[in-house]
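Down below are the structures I want you to see.
After this come two complexes, each holding chain A, first together with chain B and then together with chain C.
Now for the complex of A and B:
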């Protein structure tokens, strides 16, 4: 029926008792929330404050002090926003950041010529009137490889990004412009789906989230003639993420815009709460495996550069001040090599060993490589959270001073402009990091066991196949522990 | 679109327009009207930025968009008028500096990186006042100096000597 690109998601319903243990219908429990979500102005009401904030961040980045820890764009984006995103919104709210993200707003506006309302009509594959060229995104690029390389590239220059306000301004301005340009040329939100470097890791870690948007009854979707969730209607826009709810079984590519909740003629879509990291286990492509690898390696690399006692790496990464070009080259090349070749190679080796040791002839290495890679997801997310703990506990006090003087111009809006840098319980940081890492290890091992049980039904084969990847997980944990507690 | 949605649409667009205008206008007001209003009428407000690289005081704006590529011009001399109240708004865009005006017994007043601090004084006699950074801030620290040339006021009476009227810390 739908002529738009094939949806990326696959289908499963909760399969185990564990998944169902406390899974509940959020809209069913809180009908008021459903009423809010169904309001046309719901998403706009969430975007507007973020739009205002990010607009103000751009102003502070352009016209405020160049000193990073005294400029709002640096302190609010790379300390507050980052920590809230990775440690709060992501694990608890799936891609709820995408619901309120202001970056594609201009593009949406150009494409829809509406900020709140819906236009009925005909555009390719939809029941809505869209503007722009409405081209199809190339099939070869319908994956997250661009996001992988984009994020890795940005991460290479992260020392600049998190210290120089103008670099952050340039990044966000570029993202807004690219998103708007793409919205004028391509259908729906191709920028968010295939280009946005933030969206890439959100898609991966959304798998672990305690929130999911799903159809209540998949059979109802199969019977549905209109497919309004993906095609749109006079009540809601066609899914900007090009997801058909009848097949949606993972959080990865659902941006929680809730248009489908508005447009579904059968009232068959709801928000569900579920236990952490116990539902979406299927990694479906090598692009996602490499995303998991890149994220884990970057958590390691950032920890080395920013938290470890080896200052030489910080000097190498900090090219704008130290100008050590050979060191920066070594750092950049090392990081890319580690993320794209060395770590995936180690993981591949573990899978080869797992296949050999388990004597599982019915399963190919490829299948195992894809399926078992889920183990890198909870570990990666929790490693990032562990890395982010000192960000907020040690440097969080900058927020208090910057909120009073966002540009370093000498304002004192709330009387806290001179609040000194005051680390909060810094002696607790290593203990918290260890705890978080161990939680990551637990969920990774559990996920590994679960995917292995699906791939290899024979318990003996399954158990033997677990040994090498579990050893790799333990090794990763020990490396992080060494970094965090010495 | 229904009438209700159309009204919401218009309200949405209006809120964006208001937002786009509100921030720049508020900042412009703060910079151009609110700050001068905090000081006695007729005060001369001088914005000075201390830059560690090449050791210079400048009246150019060393801010987010400009510090990257613009070479700030050095200010070595600033002319003042005897008896006119002066407010120095001092900013550091790099490291901690500290200003001193020995003839007025002002300072050292620390200027932490990214902060703006205010120093006020009224030169009550003609002459020269040196100002300098008194915290080692880099290899060009010694160049971070300048002077105020205080010109006699035509309306000035007897000369009571130079004095600092008030020393400000972080402002407001």
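Now for the complex of A and C:
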């Protein structure tokens, strides 16, 4: 009998031997996890304790001591949560924070009028019944520029945020209200996709993560007539992030809510483990390039302010205590200038040089500028991790004391309230920072090589094009090394 | 190849009919994603759904002429061969879908089908089957040209509008 062959092999295929040897189907290996994820109550079960803890933090911020390092909201959010997020959840679990994030919970409920269940019906573009106006978010704002500016703005006032509990409360309350308000007006998780300043950098650094949620067989998605992952069904809500799993090829905007695992009629969505920073290389827009620039510059700026021997910068940034308005102005303007103009300018220069030196006439500067910018992603993440090492090793002991006296009222719930400030192995910090930075440099150079190989197939052109951006990466590493080890 | 059986002609044509029907439903599904969201993209997908239905009707006529009444087709084909899809998993995140991109998705599917049948012609030595594959390839070729024309028109319109 004459046989029929498939014309296209559109399956999820790892690109390199390394990915092949490392990548595995997590659900396939641990079916119990898949059963848990498919339960409708899975996400709520994760959010609930987080939500309780979060509202407790808000209470401690509102009613507790105004002394930052004695108040649970400051110590737990800006030391513990931050370090766990940037050094653990982000590189290992992609956007798993978004799975359990308490901020959009109220908005989700207003939209769905359900905490666990799913409601089938009709709302714009979906097979679920949503409440609210269900408006379309403006096309011009369908990017992460708002998140870029929002995060930069918040970072400028970070000294206030990390020292004044009430400021943290105000920020989180505002985020909950904005998220809920937007859920009533716009479709799905518009707040998370376009406004949440945390989501912006999570989307960028999720590219490096060792986890990905993908369709197992792209051919199944091609043939799928329901497209339930994005349209929803009676089994699961339409993707709150507006992502279509059939063509998803990077982690950035998948918030790991696992609704698609529940709604897919072909059981074709699975969680995969993969090597670190070796899969998602594609930067798609200038907003993402600038996000990478902002994050790298902020890691630098925070390191200067908090870790360097130049105390004047700390005084400038600390407007709430020092009141040096002109200094603060210089700090804020300098930080913005560096993040939005100077560093992107340096990177642009490196790309112009790369194009000129490689004589890559077939490729535009724009194309190279976008593609090569991936090199800033692993470097940025690892720079942030390096910055966060002293945060937990030097100031981590505050967690032990504050857990017994969360409001700073003199309680001693677990007998650890008087635990003294005890830096943990502070002499190890510089060595760890150097190690982490060098790992960042390695993965950035590796990523740069990979994207260059795609953009410029000719090896001679590719190698020449690597020189200027690699030199920039080396320069960035040296600057951070100077900051960390003097 | 010498493993030809008489049923192959019939099943090949039936499969082509099934594909057109499935694609029509696929386009409808894609259109519904853009319900109350982007009317121009939705309209384009609906238009293509209607065209696929028409292609199915054309193929049924060919089937009837050769083999008699068309059997009731319940199952979808297992093969992809030709299937339209969104061009990007993040197309709705960035709101980057346009009628042109919808047309390109359709064009890609038709080109895949044309390529498939052109390869199949070379894979069989049976003259009748070769002839059917050629016919189906030409059938897809007309769809490719039609979509190319539409794409050119749509691109021209967009360019005019942006001037």
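Odds and ends about this structure:
Keep this in mind: the second predicted complex is superposed on the first by the 473 of 486 C-alpha atoms of A that agree within 3 Å, B and C clash if a C-alpha of one lies under 4 Å from a C-alpha of the other, contacts with A are read in each partner's own complex, and residues count from 1 in each chain.
By definition in this document, contacts are C-beta pairs under 8 Å (C-beta built on N, C-alpha and C of every residue); 3 or more make two chains touch, one makes a residue touch a chain.
Owing to the predicted nature of the structure, the values given are computational and were not obtained by experimental measurement.
In the three-chain model built by superposing on chain A, chain B and chain C fit together without any clash. Of the two partner chains placed by the overlay, neither chain B nor chain C lies in contact with A:355.
In the superposition on chain A, A:34 contacts neither chain B nor chain C.
The minimum CA-CA separation between chain B and chain C in the overlaid arrangement is 24 Å, rounded to the whole angstrom.
Common to the chain B-facing and chain C-facing surfaces of chain A is no residue whatsoever.
Listed in rising order, the residues of chain A touching chain C in the complex are 1-2, 4-8, 10, 124-125, 134, 136-137, 139, 142-143, 187, 193, 219, 221-223, 225-227, 230-231, 241-249, 252-253, 284-285.
Those residues of chain C lying in contact with chain A across their complex are 1, 3-5, 7-8, 12, 15, 22, 25-26, 29-30, 32-38, 76, 79-81, 83, 85-96, 112-113, 115-116, 119-120, 123-124, 126, 129. Per the touch definition, chain B reaches chain A in the complex via residues 1, 5-6, 8-9, 12-13, 15-16, 19-20, 23-24, 27, 30-31, 35, 62-65, 67-68, 89, 91-94, 113-118, 170-172. Across the interface of their complex, chain B is touched by residues 40-41, 44, 48, 51-52, 55-56, 59-67, 69-71, 114-119, 164-166, 169, 405, 407-412, 417-418 of chain A.
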